[in-house]
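Two complexes are shown next, each including subunit A; its partner changes from subunit B in the first to subunit C in the second.
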Partner chain A sequence: MTPLLTIRGIHSFYGKIEALKGIDLQVHEGEIVALLGSNGAGKSTTLKTISGIVRPSSGDVLLHGQSLVGWAPHQIVEAGIIHVPEGRRIFAGLTVRENLELGGFTQRKEKAAIAEGIEQAFALFPRLKERSEQMGGTLSGGEQQMLAICRGLMARPKLLMLDEPSMGLAPIIVVEIMNIIREINRQGTTILLIEQNAKAALKLAHRGYVMETGRIVMENKADVLRADDTIVKAYLGA
Partner chain B sequence: MNPSRKKIAVVLLLAVACVLPFLSNNYWLDVATLALFYVVLAQGLNVVVGFAGLLDLGYAAFFAVGAYTTGILMTVYQWSFWLTLPVAMVFAAIVGVIIGAPTLRLRSDYLAIVTLGFGEIIRILAINLTITGSASGIYGIPRPSIGGYVLGGQIDFYYLNLIIAVLAVVAVKRLGTSRIGRAWMYIREDEDAAEAMGINRINMKLLAYSIGAVIGSLAGSVFAVKMSAIAPLSFSFTQSIMILLAVVLGGLGSIPGVVLGAVLVIALPELLRSVEDWRYLIFGAALVAMMLFRPQGLWPARYEMKRGARRSKTEEATEGGSGNDVKLDNEKCNA
Partner chain C sequence: MDILVQTLADGLVIGAFYSLIALGYTMVFGIIKLLNFAHGDLYMLGAFVGYTLLSVLGGDSSGGGLMGILIVLLLTMVIVGVIGMGIERVAYRPLLLAPRLSILITAIGVSLFLENGSMIVWGAQYQVYPLQLSHDGISLLGAKITYVQIGLVFISALLMLGLHLFINRSLYGKAMRAIALDQTACHLMGIHVHKVIGLTFFIGASLAAGAGTMAGAYYGTVNFMMGFVIGLKAFTAAVLGGIGSIPGAMLGGLLLGMMETAGTFIFGGSWKDVVAFSLLIMILVLKPTGIMGEKVTERM
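Our next item is the complex of A and B:
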């Protein structure tokens, strides 16, 4: 069976700086895959390369065996890959509902699908329903993250890529977010997750990749990675 | 305001606009005609600046493209005015894309400088090309006619402008609530996030420039036949700024606000004529005060959602403050 997403020998540059030095990675349908590593390892660049925001200088990104290299970001979204960027990037000046409507932008004329998606989001996060007419900027950090995830789900992605969903959130909220990610996966969405919080991520994920300075240095089942204390200490800290 | 009262207000306003020529003298009719030009121009710029959030300091260039296209086609090639309109619009749309393309990757200040440069290029081309009549411009542009009736009088042009202004307002309003309008709003709020959610950033931005250009050129074409002579002076940098002023003064992205802004930008200096030399000083001071106390514009886009009933002036002032807070939060989120 071809994997949902295959990355082969990707090199990406920011100007002259080589941020990715040959990345190989696979995500199978139904999985949660964690991409771990310290700051500057190239995790976010990997996601940006997949979503077309950064163009790789060589290598290939395949969705169901079809190459996505050279596609514009909006075409990649329509192909079924959604990138929830780091720092949430919700629209502070728009209401919660308007934020969600944006997520359904690629659904074109299917208003019913958008309404249904919003209902699903509210079912997942009842707190968003209470605040549906409130400005996005007035939500707490955790609520903004929930909104960002829901906005991503509105496009009904095959692959949802989350860039540090736990960033800057209280531990109890992190647990809540992680549970929701598991629930989203159970409902059938494949997830590629970037996390600094390695332990939390490995508890959630099926498999994990560890990155260091633009390379993948380790790949294994999540529980194997989690059980090996030396790995966690050496590459991920804590 | 609830929807039905809003409708009544719009109908009343239109009725007043329709009978205005019979209630005022020629001088005020001329001011009103000019104000209608500004309503069209400001609505066109509203698409670019208000909806899509692309600061444009050279908008008068599109006004010029419309005016010169009509002027040249009517004087040199003896076209009918009505036939020049689609040509001017297509031209303006092309110029819009030409101006838009290099600015796609630019933001705020840089974008402003590039558009400023393009505005100047168009003006200087008009001064130096022979086909545009160089510095003296084009004169003797014939009056347009419908059937056998020649539109020559002030009242005729007032009504022509009124029709075009109403069409522009309706078109921009419909655009604003469409799927395209929503895409512009998302790009304005956060371009990267919009792109990550599947919006075709490049097409949407070019579309905003082109639609803005088409509306601006329409005003230009009518301007050419109304004035019957056009010169580069009419399309100066100050003109671009005055149009932008109308948009900001009224409220970025707000349809009624921008109409109000356009009328004020034209009417205020006229109303202040009694104080002669002081009038632009007072006008300027009013603008400064306005930006301090009501930075979101006189009639902001979210007017009806944010506030239920009428509130006192002090509360209005504090609302300006809370608007700033939201903006700060916005910056924090994006940091």
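Our next item is the complex of A and C:
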């Protein structure tokens, strides 16, 4: 079966700096895949390359076998890939509801789908419903992360890419977010997850990749990676 | 009392024109952080396109009645709106990632192009608008307010109300506000950012063109340089209201129009521009963020 997402030999540059030096990666339908590594390993660049924000200098990104290289970011979203960026980047000056509506921009032809998506988001996080008319910027960090995830789901993605959803959040909130990610996956969305918190991510994921300075240095089942203390210590520092 | 009311009424008409132009300034600034110094020339273009349409369609007789005038106004707004979108596509979009100074200089170039292009097409002399508006009106507290003035303010208010609803209620309006906040996040939401920017230019240009046609009919003459000073005034209005803020542009335009008219009455007609631009300097010194503007940290 063709994987949902295939990345083949991706090289990406920031100016003259080569941030990705030939990445190969696959995500199968229904999986949670964790992408691990220390700061500057190229995890975020990998996601940005997939979502079309960064253009690779060579290599290919395939969704269901179809190449996405050279597509504009909005076309990639329409194709079914959503990237929830690092730092959440919700629209601070718009209300929670407006944030969600904009998440459903690609679904704009179907008003009912947007309304339904908002209801689902509120069911997932009742706190967002209480704050639906509040400005996004007034939410706490955890609530903002919940909003960012829900905003991503509004586009009804086949693949949801989350960049450090636990960043800067209290441990108890992290647990809640991780549970929600599992729940979203159970409902049928494939997930590619970047995490600094390797242990938490590997508990959740089916498979994991470890990155170091622009390369993938390890790939295995999540429980194998988790069991191997040296890996965790050497690459993941936790 | 009658003089005060008269001043307010006259100022309101000019202020409505300023507001309509300032809206385009502020929307474009909000979304791509460009001070579009060619914006005043779209007002001029609106006046001339309306002039040509009226000459062709209405003839010199009666101007085709009220419906005819409104149709010309709408047509002008659409035509100049498309021109505004074309300007963005040709002149600004290739420079969106360039330093802000490049795009600012380009805007000045576009302004010169529009002014001189219009001079070639419509001539350098003042043209008389092919429309005679009635001078009838009502008396209010000793001041004379014409039906035309009421009509112009009413149409302007209608346009601004429409814009307000569009920005706050429609998905594209929300996308505009979102792009002003975080363009990258908008890309990631699947928003076709360039299309929305193009739409912003369309709306800004058509509002300025609407003001241009109305001003042409109101003052009776048009000229290829008529957009220059009023462009700067609208910029002043946008800064007064807080640049980037849409209600601010509406309020700033009306306030500037009334203050300028009051200043003209007190100091004399030759001081009109001095009053307006002194105000600009005062705002920049005392409250650079304007009345409704929010303090933002600059990110380049």
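Just so it is clear, the second predicted complex is superposed on the first by the 238 of 238 C-alpha atoms of A that agree within 3 Å, B and C clash if a C-alpha of one lies under 4 Å from a C-alpha of the other, contacts with A are read in each partner's own complex, and residues count from 1 in each chain.
Everything below uses one rule, namely that a residue touches a chain if its C-beta (ideal position, glycine included) is under 8 Å from a C-beta of that chain, and two chains touch if they have at least 3 such contacts.
These numbers were taken from a predicted model, which means no experiment stands behind them.
> Between subunit B and subunit C, positioned on subunit A by superposition, is the outcome a clash or a fit?
clash
> For A:His83, is the partner it touches subunit B (first), subunit C (second), both, or none of the two (neither)?
So A:His83 meets both subunit B and subunit C here.
> Please indicate which partner A:Met135 is in contact with in the superposed arrangement: first for subunit B, second for subunit C, both, or neither.
Touch status of A:Met135: first partner only.
> Looking at the overlay, does A:Ile53 come into contact with subunit B only (first), subunit C only (second), both, or neither?
Touch status of A:Ile53: both partners.
> Tell me which partner A:Leu62 touches in the superposition: subunit B (first), subunit C (second), both or neither.
A:Leu62 contacts neither subunit B nor subunit C.
> Is A:His74 touching the first partner subunit B, the second partner subunit C, both, or neither of them?
Both: A:His74 reaches subunit B and subunit C.
> Applying the touch criterion given at the start, work out whether A:Ala155 contacts subunit B, subunit C, both or neither, answering first, second, both or neither.
both
> Just subunit B (first), just subunit C (second), both, or neither: which does A:Leu94 touch?
So A:Leu94 meets both subunit B and subunit C here.
> So in the superposed three-chain picture, is A:Gly103 touching just subunit B, just subunit C, both, or none of them (first/second/both/neither)?
both
> Superposing on chain A puts subunit B and subunit C in one frame; which of 1-9, 181-189, 307-315 or 325-333 is the clashing stretch?
181-189
> Would you mind listing the overlap between the subunit B footprint and the subunit C footprint on subunit A?
Residues common to the subunit A contacts of subunit C and of subunit B are 51, 53, 72-74, 77-78, 82-85, 89-94, 98, 101-103, 105-106, 151, 155, listed in rising order.
> Spell out the part of subunit B that touches subunit A in their complex, as residue ranges.
The touching residues are 179, 182-183, 185-186, 189-190, 192-202, 326-327, 329-330, 333-335.
> Enumerate the contact residues on subunit A facing subunit B in the complex.
Contact set of subunit A toward subunit B: 51, 53, 72-74, 77-78, 82-85, 87-94, 98, 101-103, 105-106, 135, 137-138, 144, 151-152, 155.
> Using the touch definition from the top, list the residues of subunit C that touch subunit A in their complex.
Counting only subunit C, the residues touching subunit A are 171, 174-175, 177-178, 181-182, 184-193.
> Report the residues of subunit A in contact with subunit C in the complex, numbered from low to high.
Going through subunit A, the ones touching subunit C are 51-53, 72-74, 77-78, 82-85, 89-94, 98, 101-103, 105-106, 108, 151, 155.
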